[in-house]
Amino acid sequence: MVNKFFAILVFVGVPLVIVGALINWSDMLMFFLSCASIIGLSGYIGRATESLAIVSGPRVGGLLNATFGNAVELIISIFTLKAGMVGIVLASLTGSVLGNLLLVLGLSFFAGGIKFKRQRFSVHAARYNSGLLIFAVIVAFVIPEVFSITMSSQKTLSLSIGIAIVLIALYLAGLFFKLVTHRGIFASTDQPEVTTEVPEWTKKKSILILLLATVVVAFVSEQLVHTFEMLGTKFGWTELFIGVIIVAIVGNAAEHVSAITMAVKNKMDVSVEIAVGSTLQVAMFVAPVLVLVSLFMPKSMSLVFTLPELVAMITAALLVINLSNDGESNWFEGLTLFAAYLIMGIGFYLL
Amino acid sequence: MVNKFFAILVFVGVPLVIVGALINWSDMLMFFLSCASIIGLSGYIGRATESLAIVSGPRVGGLLNATFGNAVELIISIFTLKAGMVGIVLASLTGSVLGNLLLVLGLSFFAGGIKFKRQRFSVHAARYNSGLLIFAVIVAFVIPEVFSITMSSQKTLSLSIGIAIVLIALYLAGLFFKLVTHRGIFASTDQPEVTTEVPEWTKKKSILILLLATVVVAFVSEQLVHTFEMLGTKFGWTELFIGVIIVAIVGNAAEHVSAITMAVKNKMDVSVEIAVGSTLQVAMFVAPVLVLVSLFMPKSMSLVFTLPELVAMITAALLVINLSNDGESNWFEGLTLFAAYLIMGIGFYLL
Amino acid sequence: MVNKFFAILVFVGVPLVIVGALINWSDMLMFFLSCASIIGLSGYIGRATESLAIVSGPRVGGLLNATFGNAVELIISIFTLKAGMVGIVLASLTGSVLGNLLLVLGLSFFAGGIKFKRQRFSVHAARYNSGLLIFAVIVAFVIPEVFSITMSSQKTLSLSIGIAIVLIALYLAGLFFKLVTHRGIFASTDQPEVTTEVPEWTKKKSILILLLATVVVAFVSEQLVHTFEMLGTKFGWTELFIGVIIVAIVGNAAEHVSAITMAVKNKMDVSVEIAVGSTLQVAMFVAPVLVLVSLFMPKSMSLVFTLPELVAMITAALLVINLSNDGESNWFEGLTLFAAYLIMGIGFYLL
């Protein structure tokens, strides 16, 4: 049923976006059509990843999901950078971090916790994630913010480039650690893998759909970005609110759908990997890649967020680390994360 | 013996406060009389709660203690709000958080740790408390502080109201979680409940004394608030020092007495519940209720603390979370908490 | 082989420093000669401590190492204070904290982790360290920074003196806790002490060498301090970079050598004790002693770091606490710490 809904969104939405782009429909209409299409496409990306995950295990599956989920975001962000809207890119990175950590993880904990009293996931994976969350959000994002106060903007950019390279290098080293040298430690704690589960699609079909959906998302995203200016003037929404809330929800739809589905099936290892893994990928790969890409764009982007953005990410990271470090979750922890998202949402709306 | 002392404070102190209020004694005298009476009344509140706790178990007992302890504070604060002294209310909320987290918990750990080498308490309760401490102090208090920098005061108030509602809702959901859906998880780790303990008072008598003492406290508190102005001019104490240190120590006397008594009896679950539970109640219930109440008062109160207040609360929360997350305590951890209180006390005195 | 290298540094370097001081060699030459001599002397201090550690166990051994390692720093700092360069003293304290927490511990985790898949150390020691790291860096260093914003410099100094006394008192109480009342808890988790290990030097010889090396370091340090001004003008290095990176690396050479050696031998308890224990000693003993000593110096020193220094220390502490609290390490955790050091190094260089 959900699948049918996504199918309609894609097979009705995408053609309409194409038509609309050609004959110049109103921004308002185009905004809703592109959002709907992207959400529908995210559904396909989610299902393809799920099929792959059954074949390749929860960790690689989660990684694939995070990667293709973030591919959508990376594409939207590059188009936004091309349009010179650096502020929206930083805001959407923030929104992606907040959305994954608080909304996706919160709803997963909550939905799973309604059905199961207590859900477990790998403590080792949780600790690995905590360490990198602190590294990325609290070290790598805070240092340029504080140091840039008394720096020239040229030096701030140099610092950002240096940090970007360190982040990407450590992210790759982390993959090597998780998938090669310490693979066994990250074994799943989910119920004894019955592995009688049959993937919906074959491996080949899944990869094909992933690639195709990603390309279409890229096209639709470009249409979406063009409507942002209108949103600002029409609704009085700030760049910050558009980036942090709207772009983040649309851009992370795939993660939302997959993570919650997995949580309800009591596969918390996959859920956590999607939500937190996706956050880490945004912070340690997407963000630094965008810094480097921006050097070839009209306006280069330093890794300096606004103070509200940075503080929201830091507090979200501390909350998630504290709630997940014991490798257990329940509905109240999910509600706590969601409540934090709500508070920040109100804050960004009023800002 | 201690009980006799409290009896004298109440049965001599309260009548004198009444007389003094009628024939206008000096502020200095009234300050000492009201403080003494409140401390004595807190002793009665403490004993009544203890009796109830024996009947209803450590968790409900701790909750009752925290609630009636904070009732005193809520009453003092409403009278202070009525007098328009918003700054003192925020300061006394800060003081209550710091006093409970650092002084009450610190002295409990220390006093218990002198007698027992290592004391244990529920790890699950500790983690629940940690999560909400981060949520309340680090998310819900920090966001309005940072976001309000560039906001109009009207929007800051709107944000505060939104956050207040979220805080109260999550606090109530937390009670539902602890007392209904996940009751078993919070089972006590104290020595195998011999339950041969006989409560001092019957359930009926305890509740009667609780109600009566709370009403009298309300009256005395009003007298106390009137003396604050004098303290400022006479001793050169700032609003901040009066609120953070004086009001907090007087207003939390009940928690102090009960928590330390319980720690020496090696009932650390009750001690921690009183100290940290009381903090959470202040942060997630008393503070937001005061924000909402202030809307009907001469001067409305936003949830924006001064920077020293906020930073003191954040650092105190981080310290307590780190020391208590393992479900164990010893005298040195108690001393560390007390040392932190001392440092902040010096700071607020000099400010 | 390494030992021979240190011997050459000392027996060639120290005489040259003496000659150079008498006949006024260039600052540049004197800078390199004194650095080399100090590194060589640190090697001797390290070996003497190691011999003592075999006799007295990992905890006392680590403490001795930290103490004599920090003796070097204390001496350099007193000479720097005498020269009135308060900024460099605070910077070198920062550098010592960052160097020990990120560089020494990071390289230990990494070097040990290359050889062993997972290394273990005492969880109790890790928790004890975490608590004090938060107390020292996050409470005791942050409070004067934030409170001093609206304080007169006289009051800031009073606050610093108060905090210094509390820090020293708690540090001593901590030693009493670790070495007397709770000695058993900190038992080593290293491989079943075979204790067939033979110390390189006797106890007497070790102590003699420690004392002698410390005295010589004091002399050489005075020569080193005189060259700092030249470094600033010649290389355009700021006080901050000299203090945080150069002085810290030279001044902590002893800890570096010992900690990594121990990690490769899978004696992680000693490694962690050297790195984190040394940090705590700097923060809770060296820094407050310097505040008190500065009262008799031309320019008194408040415990107020620059914002970049403070933020770097806070984030480093949070990262280390998170990575070490489980009592396990691996190469990737080491790399993460090193990456954080790299980011901060770039930051301080550009500042």
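Labels for the chains are A, B and C, by order of writing; each one numbers its residues from 1.
Keep in mind that, in the parts below, a contact is a pair of C-beta atoms (placed from the backbone, for glycine too) under 8 Å apart; a residue touches a chain by one contact, two chains touch by 3 or more.
A quick map from chain label to UniProt name: A, B, C = Ca(2+)/H(+) antiporter.
Here the structure is a predicted model, which means the values were calculated and not measured.
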Exercise for the section: Show which chains lie in contact with chain B and also with chain C. Expected result: A
Handout entry: Same vs different contact residues, chain A with chain B, by half of numbers used
Key = different
Handout entry: Averaged-CA centre spacing for the pair chain B and chain A, given as whole angstrom
Key = 40
Problem - chain B residues counted as touching two or more neighbouring chains - result: none
Exercise for the section: Spell out the part of chain C that touches chain B in their complex, as residue ranges. Expected result: 127-128, 130-132, 134-135, 138-140, 142-144, 146-147, 149-151, 155, 158-159, 162-163, 166, 169-170, 173-174, 177, 181-182, 185, 321
Practice task
Would you mind writing out the residues of chain B in touch with chain C in their complex?
Solution key: 117-118, 307-308, 311-312, 315-316, 318-319, 322-323, 326, 330-333, 335-336, 339-340, 342-344, 346-347, 350-351
